[in-house]
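Structures given as structure tokens follow.
One chain, subunit A, links the two complexes that follow: it is found with subunit B in the first and with subunit C in the second.
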Partner chain A sequence: MKAPTFTQSMSWLHTWSGLLFGWLLVPIFFTGTLAVFEPEISHWMRPEIRHAPAEPARALAVAEARLRQVGEGAPIWRVQMPSSRQPAVGIVWGSREQTREEVLHPLSGEVLPVRATEGGHFFTHFHAELDAGKVGRAIVCLVGLVMLAALINGIVVHKKIFQDFFTFRPQSSAQRSWLDAHNVLGVLGLPFLLLITYTGVVILVDSYLPAATYHFYDGKAGGPRGDVVRSFERRPAGVAAPLPSLAPLLQEAETVLGAGHVGWIGIRAPGDREATVQFMRHLDDRLGAVADHITFAAVSGWELGRQTEWNPVAYAFRTQVGLHLVHFGGYPAQWLYFLSGLAGTAMMAVGLVLFTIKRRKRPGHEFGTATARVYGAIESLNVATVAGVMLASAAFLWANRLLPADLAERAAWEIGAFFAVWALTLVHAGLRAPGAAWRGQFYAAGLAWALLPLCDVAGAPGLLDAMRLGVDLTALVGGLALVYLGWRVSRRFAAAAAKEAA
Partner chain B sequence: MNISWLHAAASLGLAYLGMLGLCLGMARHYRQRYHHPLTPGRGRVLRLAGWSGCLLALAPCLAGWGAAQGVVLWIGLLSAAATGLVFLLAWRPPWCTRGGALAVLTVLAWLGSLAFGG
Partner chain C sequence: MRIYQSWTQVLSRVLAAGLGGYAAAWALVFALGGWLPLARVSLWFLMGQILPVPLLLALLWAFAASSAARAWGWLLALAALLAGLGYLGKVLS
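Right after this comes the complex of A and B.
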């Protein structure tokens, strides 16, 4: 038997790694795409919060008043300042072991009765570690490397990159048109795909090679960060001293960090003589995900230190993190990432579909007598990892509106809804024929997303603000697109069946 | 509306025009749109215009976001423009040049906002 050529080997690798890892890549890519709008989704999931633009000084005064009421004796206070994407004031108080938090109206200071929810962070969390802790993170690490390899061997397999740069022939045979779609989305999206995959791998660098940091930092995973980000905290003296108002310190911090640019404020040992107040800048307007900060002695008001200049290597690393997180660039950049992410998800989903389409015509007999059964299982997994995860994500948002607001473990129930629906889609895909499974799940996912605005309005009090409306409209458009896709797929399957019968 | 959307729209417009030039500068796609063959001279003009559009698309990004973030957005918008073009060309070939007219309008709107201190 002749040895396979280099292209053939790469093609084999692309096919099989794409299939096996595609079942994880599509959900990871899709949830990562949703995670671009984590703040907006979080806001949607806590409809008790209304948009109310407030001056930073006002917001801090509100937070300070409440913390003085409830945070007495707690060694740590934190304030999250309102921003255009996160309109309420968040306060946290407690110790290293245990913290409590509240959400305040930035003008009135009223404690908002927000429902317990993981919010959009769930998608970020699932994207980063599949909601499965260290094991999940290790799997994501592996998937990231395989994706990077698949992008590169995909280029090798494709070959006619420039000749077919603009080529898409939807009127051709099923296999031809799907392959065109896979190629064109892959090639045109390549800069984004390489960027997002490479930076995703780089973010996890510590998980790939933990030995060095463990060796040099005594097992502390955060050690390298501590070398770069300086802390100006002081040990509490154990001597009581009343905490003066924070307003003058905010003013001084804003002269260093920029007016309106303070994102977080951390107060250590409030009520102690050695109390400190740290102001951290938000990241919205720079590529590098690095927060400039300045710390004051709370009682005297003296500056203890600041960091606005950074170690270039650390800054370069955090720039790669920032490129992945896309806090920069405002809504144009975030929409660009969101749409590119959807295109990437579609590219991979089409890749999965291609595997079965090729073999429906010409079976490969890779699994001997079990081949037909294995193909069936592959098809079911394809349906559940593409359409199923989209339905499950919509179910997560539906659960947010349908579950009673005071349910115990409410946040966990929402996540439970995601996984329960996802498991059901797998069962459904296993029981139904491929055509019916694809059609049913695309229709279900499409309706679940398209009807989300209704669910929002019916299930939550108050007027819609711009951010909630944005989520609703995006869900509506995406849902209609999925319904259309379901209709197209069912027509394709019907046409194929008619051809076979003839 | 935020001014940064206008920068993004103008850059997307220029990127689209650029990609349209590169695309119609290929014999296969020129025939797909106009149903007659591409002459070599016209092909050269289209390709040159195409590369120029792609390069010029960097300008609004630099104006809106500065060098570091601007370059990232520029590359992303080039991809987005090309993807939109491919789908228009596949389903409604005549629309791909009408899209070009729309792109010209966004660029003019952007130039207008620069000229009148937008």
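Right after this comes the complex of A and C.
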């Protein structure tokens, strides 16, 4: 056997790593795409919260009043200021070990009876660690590296990249047109795909290859951050002193961080003589995911220190993080990421389909006598990891409206709905022929997303605000697209069956 | 498409990509740390940004090499060379 050429080896790697890792890549990419709108989805999932624009001073006054009521004796208080994407005031109080939290109306200060839910964070969480902790993050990191390799060897395999960019042959053979779709989506999305995958690996890789931490910091994981982020904390004196109003400090903080730019406020040892108040800037308008901050001594009101300048290399690192998280750039940037993410998901899904289409035409003996059964299993996994995960994601949102508000472990049940439906799609795909499985699951996912607005209105009556309406309309459009896809797929399979019969 | 001789060959290449790549990436951090005149905090945040590159190249190399033995050999040689460079830098400084 002759040694394979470079192109052959890259093509082999692209095919097999694409298949094996595609089953994780598609769910990771799809949920990551949804996670772009994490705040909007979280808002949708807590319909008890209404949009109510409030001045920062008012929001802080509301939070402060409530914390003084419930948080006495707690060494840590935190306030999350309302923003356009997160309209309520969040308060947290407790110790390092245990915290409690509430959501307040930013004008009236009323404690909002929000339902227990993981919110849009579930998609972010699943995207980053498959709901499986450190092992899950390691898998995602590995999948990211393989994805980068697949992008590179995809380019190598695809030598006529520029020429083929203008080639789309929807009327030619099924395999040819699927390949064209895979190529167009891949090439068009290439800058985004490289950026999002590279930065994703950067975020995760140090945990599993801690060479730098080991060599430069003697293995102390918190060391690098400690060298970059200045801390102005003080030890509590153990001497009581009443906490003065925070309003004047907010005013002073805003002169440094910018009016309306305070995102978080942290109060340490409230009620102690040495209490401190730290104001942190939000990240919504800069590439680098670093939060400028300023700290005051609470009792005297003196500034203890501030940080608005950063180590340039650390800032560059955090820019990679920021480019991945897309908190910057407002809705134009977020929609660009969202649409690019969907296109990337489609590119990978088509890649998975290509694998089986090629083999459906020329059944080989790659796996000996088990070949037919292995191809069947591959086809089922393709259906469940593409259409199935889309149905499961919709089920997560349906569960949010359908489960009773006071159910014990409610947030866990919502997540359970996601995994239960996903498991059912795998069973369904295993029992049905490929054509019926694809059609059924695309129709089901399409209907589940398209009918989400109805579920929203019926399950949580009341005025829709812009964010909820945005989620509903996006779900409707996406759902209709999936129904259309199901219809196209069923026609394709019908045509192929007719051709075979003739 | 069968282009590699056997499944053991493929498995060997997968391990070369993983273990060889890991060793080479670790050694690269050690080598750059020994020679780059940067503060340790800057070094750390620089490494965090470039770490995917050696892992990626090792992965591609492991399958592009004409044999699994060559895939292993070059990766381990590179890791040893980088580790030596790093050690030299550490001794000299």
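Heads up, the rule we're going with is that the second predicted complex is superposed on the first by the 491 of 502 C-alpha atoms of A that agree within 3 Å, B and C clash if a C-alpha of one lies under 4 Å from a C-alpha of the other, contacts with A are read in each partner's own complex, and residues count from 1 in each chain.
The working rule: a residue touches a chain if its C-beta (ideal position, glycine included) is under 8 Å from a C-beta of that chain, and two chains touch if they have at least 3 such contacts.
Computed from a predicted model, the values in this text were never measured in an experiment.
S.K.: Could you tell me if A:Arg176 is touching subunit B, subunit C, both of them or neither one (first, second, both, neither)?
M.R.: neither
S.K.: Does the superposition put A:Leu145 against subunit B (first), subunit C (second), both, or neither?
M.R.: Only subunit C; A:Leu145 stays clear of subunit B.
S.K.: For A:Phe317, select first, second, both or neither according to whether it touches subunit B, subunit C, the two together, or no partner.
M.R.: second
S.K.: Touch test for A:Lys220: subunit B only (first), subunit C only (second), both, or neither?
M.R.: In the superposed model, A:Lys220 contacts neither subunit B nor subunit C.
S.K.: Please indicate which partner A:Pro4 is in contact with in the superposed arrangement: first for subunit B, second for subunit C, both, or neither.
M.R.: After superposition on chain A, A:Pro4 lies in contact with subunit C alone.
S.K.: Does the superposition put A:Asp206 against subunit B (first), subunit C (second), both, or neither?
M.R.: Second partner only.
S.K.: Tell me the contact category for A:Leu188 with respect to subunit B and subunit C: first, second, both or neither.
M.R.: first
S.K.: Pick one for A:Trp12: touches subunit B only (first), subunit C only (second), both, or neither.
M.R.: Only subunit C; A:Trp12 stays clear of subunit B.
S.K.: Which partner chains sit in contact with A:Val228 here, subunit B, subunit C, both or neither? Use first/second/both/neither.
M.R.: In the superposition, A:Val228 contacts subunit C only.
S.K.: On the superposed three-chain arrangement, identify whether subunit B or subunit C touches more subunit A residues.
M.R.: Between subunit B and subunit C, C touches the greater number of residues in subunit A.
S.K.: Contact residues on subunit C for subunit A in the complex?
M.R.: 1-5, 22, 25-26, 29-30, 33, 38, 40-49, 51-52, 55-56, 59-60, 63-64, 66-67
S.K.: Could you please specify the touching residues of subunit A with respect to subunit C in the complex?
M.R.: Per the touch definition, subunit A meets subunit C at residues 1, 3-4, 6, 8-13, 15, 144-146, 148-149, 152-153, 198, 201-202, 205-206, 209, 211-213, 215-217, 223-224, 227-228, 311, 313-314, 316-317, 320, 366.
S.K.: Going by the contact rule set out above, which residues of subunit B touch subunit A in the complex?
M.R.: Residues in contact with subunit A: 2, 4-5, 7-8, 19, 22-23, 26, 28-29, 64-65, 68-69, 72-73, 75-80, 82-83, 85-87, 89-91.
S.K.: Of all residues in subunit A, which touch subunit B in the complex?
M.R.: Against subunit B, subunit A makes touches at 165-170, 184-185, 188-192, 195, 286-287, 319, 323, 328-333, 336-337, 339-340, 343.
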